[in-house]
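Just so it is clear, A, B and C label the chains in written order, and each chain counts residues from 1 on its own.
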Amino acid sequence: MSAPEETRAAVLDRIRAALGVASLDHARRTAVVRRLERHPRGTIPSRATRRGEERVALLTDMLTKQGADVSRVPTQKEAVGAIASYLGTCNLPPRLRMGADRVLAALPWREAWDIERSFGRAEPGDRASLSRAVVAAAETGTLFLVSGTDNPTTLNFLPEAHTILIAASDIVGSYEEAWDRVRAIYGQGTLPRTVNLISGPSRTADIEQTIVRGAHGPSRLLVLILG
Amino acid sequence: MTSTPAASKQGPLVGLFVTCLVDLFRPSVAFAAIKLIEAGGARVEVPRAQTCCGQPAYNSGDRQDAIAIARQVVETFERFDYVVAPSGSCAGMLRLHYPRLLAEDPNFAERASALAAKSFELTSFLVGVLGLTKVDAAYEENVTYHDSCSSLRELHVREAPRRLLASVEGLSLVELGESEMCCGFGGAFSVKYPDISTAILDAKVRDIIGTGASTVLAGDLGCLMHIAGRLVRERADVEVRHVAEVLAGMTEDPAIAAPRQKR
Amino acid sequence: MGNGRQDFKTDAAHALADTALQKALQNVKRGFVVKREAARAKLPEFDTLREDARAIKDHTLSHLDLYLETYERKVAESGGSVHYAPTAADARAIILKLCQEAGAKLVTKGKSMVSEEIGLNAHLQAAKIEVVETDLGEYIVQLRGERPSHIIAPVIHLNKETIEADFRRAHHRLPRERRLDQAQYLVAEARKVLREKFLAADVGITGANLLIAETGSSVIVTNEGNGDLTSTLPRTHIVIASIEKIVPTLEDAAIILRLLARSATGQEITTYTTFATGPRRDRDPDGPSAYHVVLLDNGRSEMLGNEFADMLRCIRCGACLNHCPVYGAIGGHAYGSVYPGPMGAVLTPQLQGIDRARDLPNASSFCGRCEAVCPMDIPLPDMMRTWRERDFARGNPPFSERLFLKMWAYAAKRPLVYHALANAIVLFMARRAGARGRLSRLPLAKAWTGTRDLPAPQGRTFHSLYTRARRRGRV
C-alpha cells in the first residue's frame, strides 16, 4: 500500500486529469471559496413559509404523522406535568436521564418530585430520557439536537422513550433557517460533533414492508412544544 | 429551423414514414394513416426510398449503421413540410435521437435538427398540428388504450389519441390500471431476453383483461404485436388493433393475430 | 456471484419461477411507486428541487478536487482524519489497518452499499474480526450469507416466515416457545440481540449519504437509529464513502435531503438524519474518540472524464429500481451485482467491466421510467445504450445476433433490396400462417414463439400495395 500522500495525490490528480483542469487554476478556486462563503439557498418549499401558529401546527402535524406524540404546553409547570404523565403512559418507572442543559434544569421539577433524575450520557439501563432541541424545522417536523454535555447524543438513541423539549420560538419553517440558527450559536463553517435531525420515533419497514416502532432507537417519542 | 407549411391551398405536404413493422406486417395501418392525414387537410406522399428508422441498429449498439440509416432518412424526408409516422418509437427516433446521432456530422447536424422539429407521431400530428378534433368513424366497443413508452415518455403523447377516440361513435374507453407500465416489447429485447419480456407482458395482459374491454388499441405496432401474440396464445377474447384503424373507420380487416374471416 | 453471461439468464429464470419472490416484488413495487407519487403530489416544488439538485451536483463534480481538498481540511480541523483509497483493495487495507490499530475484535456496521462494493466484511472477517450488520435488513441478509436485493430495502425478497427461520437458526439463546410470527416480534428480537453488539463494539463503520465540504461533516439517513448507535457508541468511528458523495454546503444538503427519502420510500424525511463532524470534543460525554473517513475512488474519477459522468449525480435513492419493469420482474439478486436495477446497469459495467456485466445494460426495454423518476435527472437509458455500443464494438454479442443485425442493416441501407426481400418474406409467412392469421412456430423465431404467437403479416408489403394502388389511381 502506497503512502497516504501518494494515494491522495493519485486520486486528486486523476480527478483533475478527467476534468481537464490544472491544480492552480485561480478562477476555479475562487468560485469554490465564494460559494462556500455565500452558501446560497435553493428552492424552499412554500409550506416552510408559514408563520406563527400555522407553523407550529405544521410541525405538530408532520411529527404526529411520523409516529411521535406531540404536546403543546404553555408553561414550564405543565411541561413537567406532561413529562411525568408520559412516563406513566409508557408504563415506565419515574426515572429520567438528562444532560446539563440549563433550560431543562430550570424547569420546576419540584412539581414532579417523584421523578428520579440522573445526569450525563445514557446508560444501557436507562429507559427514558429528556433532551432539548436547539431549533426545529416545521417543513417535515424535524428537530435539531446537538451533542455535548447539555444534551448528550446517547440520550436520543439508547432509551425506549425519549422526550424532546422545544420552545415554540425556536421553531422555524425550513432546514435553511434552522442551519442559520445553528451557525449563529456554534459558528460558521463548523459544527459540533453530532447534529441529530430527529423526525419521529425509531421504526423499520424491512420485514414485509410492515412498519414496526423501536427498531433500535426509542420506540416512543414525545415532543413538548413550550410556549 | 422549421420549414413553414407550403403556402398552398391544398394544405401542407406530409411525408409518410411507414415504419418497417407496418410495411411488413400491417399495411392497413399506413392506409388508415393516409386517410386520417388527408381528412385533416394535408397532402400525403410516400417516398419509396425508406426502409427503417434504424432503431434495431441504434439500440443494439451499432452506432455506425444507425448513423448511415439516419442520414438516409434525413435525405429522403427533409423536403416535406412534415414527417408523420404511425409509431411513437419511430417518431421518437427521428425527433430525439437523430439530432444526437448526427450532432458530429457537419453535413447533417443542422438538417437532422430541422427534420426532428417537423417529425411527429400520427395522433399528436392530427390533433396538435392539423387541429383535428374529431373523426368520422364508428366503433361500438369497450376499448382500452396502451400508451407506448416512447409516445408517453419521449414524445409526451397522451391526450391526442384519447381526444380522437372520444369522437368515435359508440366507442367507450376504459383506462388500464397501470397505463404507464411497459408492455415488455422493447424491440430486440423481446427476443434477447424472452423470459423477462414475457413476464412484463403478462402483467400488461392481466391489466388489459381486467378492464373487461373487448379491444385494446395502441399507437405502436411493436407493442401491439407483442400484446396480441400473448393474448392469442392465452386464448383471451380481446381484439388488438392499431388506433389508426379505428380512427379511420377501417376495421374490416382481421385484427392483429386474428384469423382471416370467412367471407 | 459468477462471471459470464449465462449466470444472468439463469438467475433471472430462477427469479421468475420463484413464487415467493414474485409475490414480494408485486407488493413492494406498488408500495414504493404509489408512495413516491403521493409524496411528490404533496410537494409542489418537487420538480424545481430536482433542477436545483442537478445543478448542485454538476457544479460540485466539475470542482470535485477542490471540494475534496476543502472537506479534508475541515475534517482535520475537527480532529478527524481523511484517507484516500484509489481502489477497493486500498480501502479494505486502510480499514483493516485502522481496526487493528484500534484493537478491534467486534465491529458494528451501518448500512453501506460502498462497503459491499469493496467486499469489506469478508476482508475483516478473514482477519478474525467479528463484523455485525445493524440495519435490520442487512443483518438478515448477513445471517443468510446473501447479498441485499435492493439498495434501500435489503430483504424485500423475503417473507416473515423465512426471517423467523433465519433467526431460529442463528440466535442460539432464543427459546423455542418465543413467538416470532409477527414483524413486531422479529424486530424486538433483533433489537435485543443487536443492542448487545452495539454496546460491545470497538469500532463502528458507516457509509455516508452525503459529505459536506463546508463543515467536514458526513451525513447518514436511517429510520432505525442503527447508524447512530454504530457511530456514537464505539471508540472509533470509520466512515467509508465514495468521492462523489460530496456537496459544498449545508444548504446543498438540504436540497438533496428533500428529494432523497421522497424518491426512495415516499417518506417526507427519514426518522434520523445525522451530521457527524469529527471525534468527541473536549466536553463531550459520549461519542467516538477517533473519527476516520475513507474516501473511495474505485472508478469514479474515470467516470468524471467519460460518457458516464452524469451517473456520478446518483444519490442512491432506488427510485429507478422501484419503477423498472425488469427489476420488478426479476428482483435484485439476478443482476449479480451490489447495484441492481437501472442504476446498477450503468454502474456495474464500470466496476466489473462490460465483458462480465454485459447483460445488465442489455436487459432493458428502454421504457424510460427510470429516467422519468430519477431525482437527479440522470439519462439512464442513454448510458445503457452507450454501454451497448462498447459491448458491440468489442464483439461481445452472440454471433447470430451480430449476423442478423448486419443483414438487417445491409438491407435497410438499400431500399430496393429491402423491398424485394421484404415482399418475399412476408408472402412466405402469410402463406404459412394461412387462415389462422398467426404463427405458433417459425424457423429462427423460437425466442419469440416460445411464449407468444407471431401475428401473420397481411401478405404484401405496404410499399407494394401502395404502388399498385397508385397505378390503379386509387390513392
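We adopt the following convention: a contact is a pair of C-beta atoms (placed from the backbone, for glycine too) under 8 Å apart; a residue touches a chain by one contact, two chains touch by 3 or more.
This is a predicted model, so every value here is computed, not measured.
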| item | value |
| --- | --- |
| Arrangement of touching chains [line / ring / star / complete / other] | line |
| Farthest chain (mean CA position) relative to subunit C | B |
| Rounded Å distance, subunit B centre to subunit C centre (Cα mean) | 33 |
| Centroid spacing, where centroids are CA-atom means, of subunit A and subunit C in whole angstrom | 29 |
| Cα-centroid distance, subunit A relative to subunit B, in whole angstrom | 54 |
| Per-residue multi-chain contacts in subunit B, two or more chains | none |
| Multi-chain contact residues (two or more partners), subunit C | none |
| Subunit B residues touching subunit C - in the complex, by the definition given at the top | 18, 20, 22-28, 30-31, 34, 46, 48-52, 54, 56-63, 65, 68-69, 72, 149-150, 153-154, 180-182, 184-201, 203, 225-226, 228-230, 232-233, 253-254, 256-260, 262 |
| Residues of subunit C defined as touching subunit A within the complex | 24, 27-28, 31, 43-45, 48-49, 52-53, 56, 59, 62-70, 74, 77-78, 83-86, 90, 93-94, 134-137, 140, 153-156, 159-160, 163, 183-184, 186-188, 190-191, 194-195, 198-199, 213-215, 217, 223-226, 228-229, 232-233, 243, 248-252, 254-255, 257-258, 265, 267-281, 283-287, 295, 297, 301-306 |
| Sites on subunit C touched by subunit B in the complex | 9, 12-13, 16, 325-326, 328-330, 362-369, 371-372, 385, 387-393, 397, 401, 405, 408-409, 411-415, 418-419, 422, 425-426, 435-438, 440, 445, 447-448, 450-458, 460-463, 465-467, 475 |
| Subunit C-facing residues of subunit A, complex | 1, 4, 7-8, 10-12, 14-21, 23, 28-29, 31-32, 35-36, 39-46, 62, 66, 99, 120-122, 124, 140-142, 147-149, 152-154, 156-158, 174-176, 179, 189-210, 212, 214-218 |
